[in-house]
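Let me begin by presenting the structure, written as structure tokens, before commenting on it.
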Amino acid sequence: MVKSRALEERLIAMTRSSDGFFWIGGPGEEAFNVPLGLLVNKGEGLDHDFLHLHYRSSAILTAMGMPMIDAIRQMASKATDPHTGGRNFINHFAMKAWNVVPGTSTIETQYAVAPGTALAQKRHGGHGITIVNGGDAGSAEGDFATCLNWSSRPGRELPLLIIVVNNKYGISTPFDQVHGDQFIARRGEAFGIRWDVLNGNDPVESHQKLSEIIAYIREERMPFVLEAYTSRLHGHSSSSGAARVHDEPDCVKDYGEKLVAEGIFTADDIAQLEKKYRDEGLAALEQARSEPDPDPSTIHDHTFA
Amino acid sequence: MVKSRALEERLIAMTRSSDGFFWIGGPGEEAFNVPLGLLVNKGEGLDHDFLHLHYRSSAILTAMGMPMIDAIRQMASKATDPHTGGRNFINHFAMKAWNVVPGTSTIETQYAVAPGTALAQKRHGGHGITIVNGGDAGSAEGDFATCLNWSSRPGRELPLLIIVVNNKYGISTPFDQVHGDQFIARRGEAFGIRWDVLNGNDPVESHQKLSEIIAYIREERMPFVLEAYTSRLHGHSSSSGAARVHDEPDCVKDYGEKLVAEGIFTADDIAQLEKKYRDEGLAALEQARSEPDPDPSTIHDHTFA
Amino acid sequence: MANIAQALRMALHVGETRLGVTDVFGEDVGPPLGGVFTATQGLTTTWNSPLDERGIVGTAFGLALAGQRAVAEIQFVDYIYNTIDLLKLVGNCRWSCNGMFEVPLVLMTPVGSGIHGSLYHSHSFDTFATHMPGWKVVLVSTPLDAYGLMISAIQDPNPVMFLYPKALIRIPGSDKIPGEPEDAKELSRRIDAPVGAAREGWTPDWPELPDFSIPIGEAKTIAEGTDVTCVTYGRTAPLAKKAAAKLAEEGVSVEVIDLRTLVPYDWDAIVASVKKTRRFIAINEDTEVTNFGEHLARRVTEELFYELEAPPKVLAGANTPGIGLAWSLEQVQVPQAADIERALRELAAIYA
Amino acid sequence: MANIAQALRMALHVGETRLGVTDVFGEDVGPPLGGVFTATQGLTTTWNSPLDERGIVGTAFGLALAGQRAVAEIQFVDYIYNTIDLLKLVGNCRWSCNGMFEVPLVLMTPVGSGIHGSLYHSHSFDTFATHMPGWKVVLVSTPLDAYGLMISAIQDPNPVMFLYPKALIRIPGSDKIPGEPEDAKELSRRIDAPVGAAREGWTPDWPELPDFSIPIGEAKTIAEGTDVTCVTYGRTAPLAKKAAAKLAEEGVSVEVIDLRTLVPYDWDAIVASVKKTRRFIAINEDTEVTNFGEHLARRVTEELFYELEAPPKVLAGANTPGIGLAWSLEQVQVPQAADIERALRELAAIYA
């Protein structure tokens, strides 16, 4: 959690030091995303989990072991960005080795694609599952309903974890202004899909519920809709300033204090941890700065195989 | 019911006598559509009901008083077709005087458009409502979810009757093969929308429930999702032969027999009624045949105002 | 001879038995119907999808990302317009991740006019398809091409849009597909699903089909000529061929090129022909404003201007919001045999 | 001078106070944000929609059918691609019912590259918009045009797609909008929403805006010249104007026409200019295959072939699946000032 927070803060700082153009990311979702990342069966192919992520998912990949510097290379749009070669925005990751399908900027489309990987896994058997996530406002797109319908066809149910991260906002629009549904996840009910909600600011509750739900999906090969309530600690994106907000719970700070209170860590341990990753971020930035930009002559590369 | 059945049978006959190219229509839905048509507050403007119909809705308009010959003119794609001037398929109606918005061939899109007329009516006040209908398979399109979401925004709920006519098929595909939901209408629940199902083969049940539901929408200015189970008595369309199927209840026949059994009509009354409308259909066809085709020089007319 | 529906069925049979096709799916694609145009009858990997084009394209995309080989159908191209964003994502996926993921899938869908499709069932997709980089785009006009190019589409590591003209689906071919029985009746007996009760439990008796394919990107000269080069595809290809035969009698020699692949298209074939004829016309039935034929005409103009004896022409559909159901309307809204004849005759008559 | 965002705000204010606009809506269009580009701040009929473009287009359509006048926004044109079927239905509605229903609505959306929009936030919509008959299509490059054409779009009884370039939204104009205060700072004080807490309960102090509009369908010659005709619009219009000034110093006289309206476009202006210069180039930033500039070039070729001293040219975006985030990529994927200068110079240098 500390590491991925440090990463996001570094990325935000890069928009200010003009080491990058646009930032969008996930500070405030660590308490949910880190446990999720730790529960992923990572690897390539149908026996491992497929991930259809959105732009606030960095903590999932950090927890899985993604090196900080790779995100920083993407933020700096360097040729060395291993995800997109400097072609796409920050937090648009792609990792074939871990079944992380290319992140896209179009809200909710990943929910229409996820049934495809889950269908392949259902057929293949074993315990691999597909995980798709996105936000609360995005659930207004028809693709969310497509995901529910395609994952619940009788006798053809899919091993698919359908996540909605509800931070109560879509850019500037409050959830309650545009949504009549108390629980987004409950939309699964009419389709016969099990669903639940949890406090995504609490890493312990998140880990415990996620473990049970993921075990259910792995074993029963059935879909599940999960809604997690989290904070959005730097607003929507750099377009809205990305200033730190202070009226929402900070899961990293709160959990750190809890661990200190419980005597598991000292405040000093945590300060050192924070410094460690801040330094790693800075060093990575230095490194990335020295790396080449994409070569203009490559614009037609990889259009076709 | 008898009249609209006679109309549809005439239209089907026209594909065989090559007085028309393609047929699609609503024989088997009369017991639901006729009561619905009788309950519509017909007229032009926000004080009257807006209708977003699909291609099985002729009985609604017949019940409202649409002349048989106008549908026959459309089937024959004559310049005199008052709905589209011979430009669009049969059962693609448009009647400004009755707020019947132009029928389209794209499944489910009417569910994304209906909130617009309902929003205008909500603002206008009074008792006008919007009615949208379509089929069971079509509810798999995201537009159905769009309709639920846009009609249930907190404090902005819309006076919208959302109908799903469930005949258990989409062309050749059985409902249970592609849908995990027991009741399509129940999808409204998560959005806080009231819902119900009814037997659309029973005109009495249909009329009674529709009266209550429509009264609720008119007064409360709230949405409602209604699922009606009906038969599909001539298959999907002329593309699949439009042969009469005999393993599904025929609401017109059954209700006629009921009325005879109850002594309200004699079998002879009904036979005469059937003959009356068969004759009207034939006469209308004779008339339509004598009318002109659209003028080729008009293809650019009405592209722009 | 086989028609396009039968040709596609045979190619898909080869696909699922020898080329690794895992899924052939879409609305009414599986039993009992086997496709509204019967193009997927008798196959073993077919299934009926929900009525949701976004789900169809999205699922095909996901299957490809998971290493499967899907052939997805959009029942009519007219229903594809709510999926353009997903088509763009499919097309840009490989580019977006610098080549890390491949997206091998085939999207098949019937296009165009000529079946009294009326306002919304007569669309051509040339313009949109050629304006979504990352897709290969095939548009066939004969059963043999349908067969050979579907085989290539299935084998291609890229997303391939496979378009075929509604108006030509049931027309028997004039060239034999390798392995197809001599007798069309025999072919029908063996691979057309019986109607009615007999369909229950029916399985086709597939002919032996040797390896055969037609490469994506190769045009076919369907009429040789020296006076005018006509580049066309789809429904208008056979019409242009007929017109060329007719004009030959009048002493006008028209070369007709059936492009067959729109992306990547066979520029060399066009150049060679125009250098010979010095006159160029592109013919298709999509609406005429911002039309793929205009791209071809532009390129011919830019690169072969000084070879030309007459201004390049484009004959396409009228720029109207839809096509009228009445034949009196459709007839004048998309090019018919007579329009094509006239356009070719006029172009040949111009002397610069 | 006002920028495009302020100009649109003022036009929409006139729309809702004097022209019957009932709804200005879309994602984040209402308070507190007033649009991600601030184009809808301070208005009274604005509201925030669900995050659902299909709902936005569908609802705008329904509002129009119910006699309301809506201005709907697609936040970036890049998000419009899941609504193409609905856009087609809006475009064909009037035609489909033989003129019975009218669909007066404005769909406003920012287009194009130039803001480091990366792979999926740099789209041009020229090709798709001009290939959907039934829509009028406006694409402005200055605040004055944005103001005057938005007024006309609101008054038009047809659906109007109002496109404006992302890259130019914040650039102050050089021509004063009738009624706008002399001092740009004063305008900002009066109509730009304050940031932070001060925004609570803020209302703008609109300037007196006299009746003024610019007719749809009229191009504007933004540089007079005699050697080359350059037809452009949107982000590339000011670049072409600059290039013309630069080339004038070299003795090359370029006429630059800002088309402003793509449908219906000002053919007379193009003909008059080409007859004078005998050289034609269309410049835009959409991808180059099946590009609206190719339509213009085709028509110029067909109708003015014997007037031309050089082959018509089209300069457009590279035919790639997306635009790279890195400036080193975007720079070479869409026309920049230097590319435009070079293209104009080359075309002027050709002697036939």
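First chain written, first letter: the chains are A, B, C and D, and each begins at residue 1.
Just so we're on the same page, a contact is a pair of C-beta atoms (placed from the backbone, for glycine too) under 8 Å apart; a residue touches a chain by one contact, two chains touch by 3 or more.
Predicted, not measured: the structure shown is a model, and the values here were computed from it.
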Problem set entry | Chains in simultaneous contact with chain A and chain C | B, D
Exercise. Tell me, which chains sit next to both chain B and chain D?
Worked result: A, C
Seminar exercise, completed: Chain centres computed over CA atoms; the one at greatest distance from chain C is chain A
Exercise. Just how far, in Å, is the C-alpha centre of chain B from the one of chain A?
Worked result: 45
Problem set entry | Centroid spacing, where centroids are CA-atom means, of chain C and chain D in whole angstrom | 34
Exercise. Tell me, which residues of chain A touch at least two other chains?
Worked result: 84, 87-88, 92, 104, 106, 109, 140-143, 146, 149, 153, 177-179, 303
For this session: Check each residue of chain C and list the ones that touch at least two other chains.
Result: 50, 52, 54-55, 79, 81-82, 85-86, 94-96, 119-120, 133-134, 320-322
Exercise. Line, ring, star, complete or other: which one describes how these chains touch?
Worked result: complete
Problem set entry | Contact set on chain B toward chain D in their complex | 45-46, 50, 83-85, 87-88, 92, 94-96, 101-102, 104, 106, 109, 111-121, 142-143, 146, 149-150, 153, 301-305
Seminar exercise, completed: The answer for chain A against chain B in the complex is residues 140-146, 149, 152-154, 157, 176-184, 186-187, 189-193
For this session: Name, in rising order, each residue of chain D that touches chain A in their complex.
Result: 27-28, 32-33, 36, 48-55, 78-79, 82, 116, 118-121, 318, 320-322, 324-329, 331-333
Seminar exercise, completed: The chain B residues in contact with chain C across the complex are 21-22, 77-79, 84, 86-89, 92, 104-109, 137-138, 140-142, 170-173, 177-179, 239, 293-296, 298-300, 303
Problem set entry | In the complex with chain D, residue positions of chain C that touch it | 54, 79, 81-86, 88, 91-92, 94-96, 119-120, 126-128, 130-134, 263, 287, 289-292, 294-295, 297-298, 301-302, 305-306, 310-314, 319-322, 352
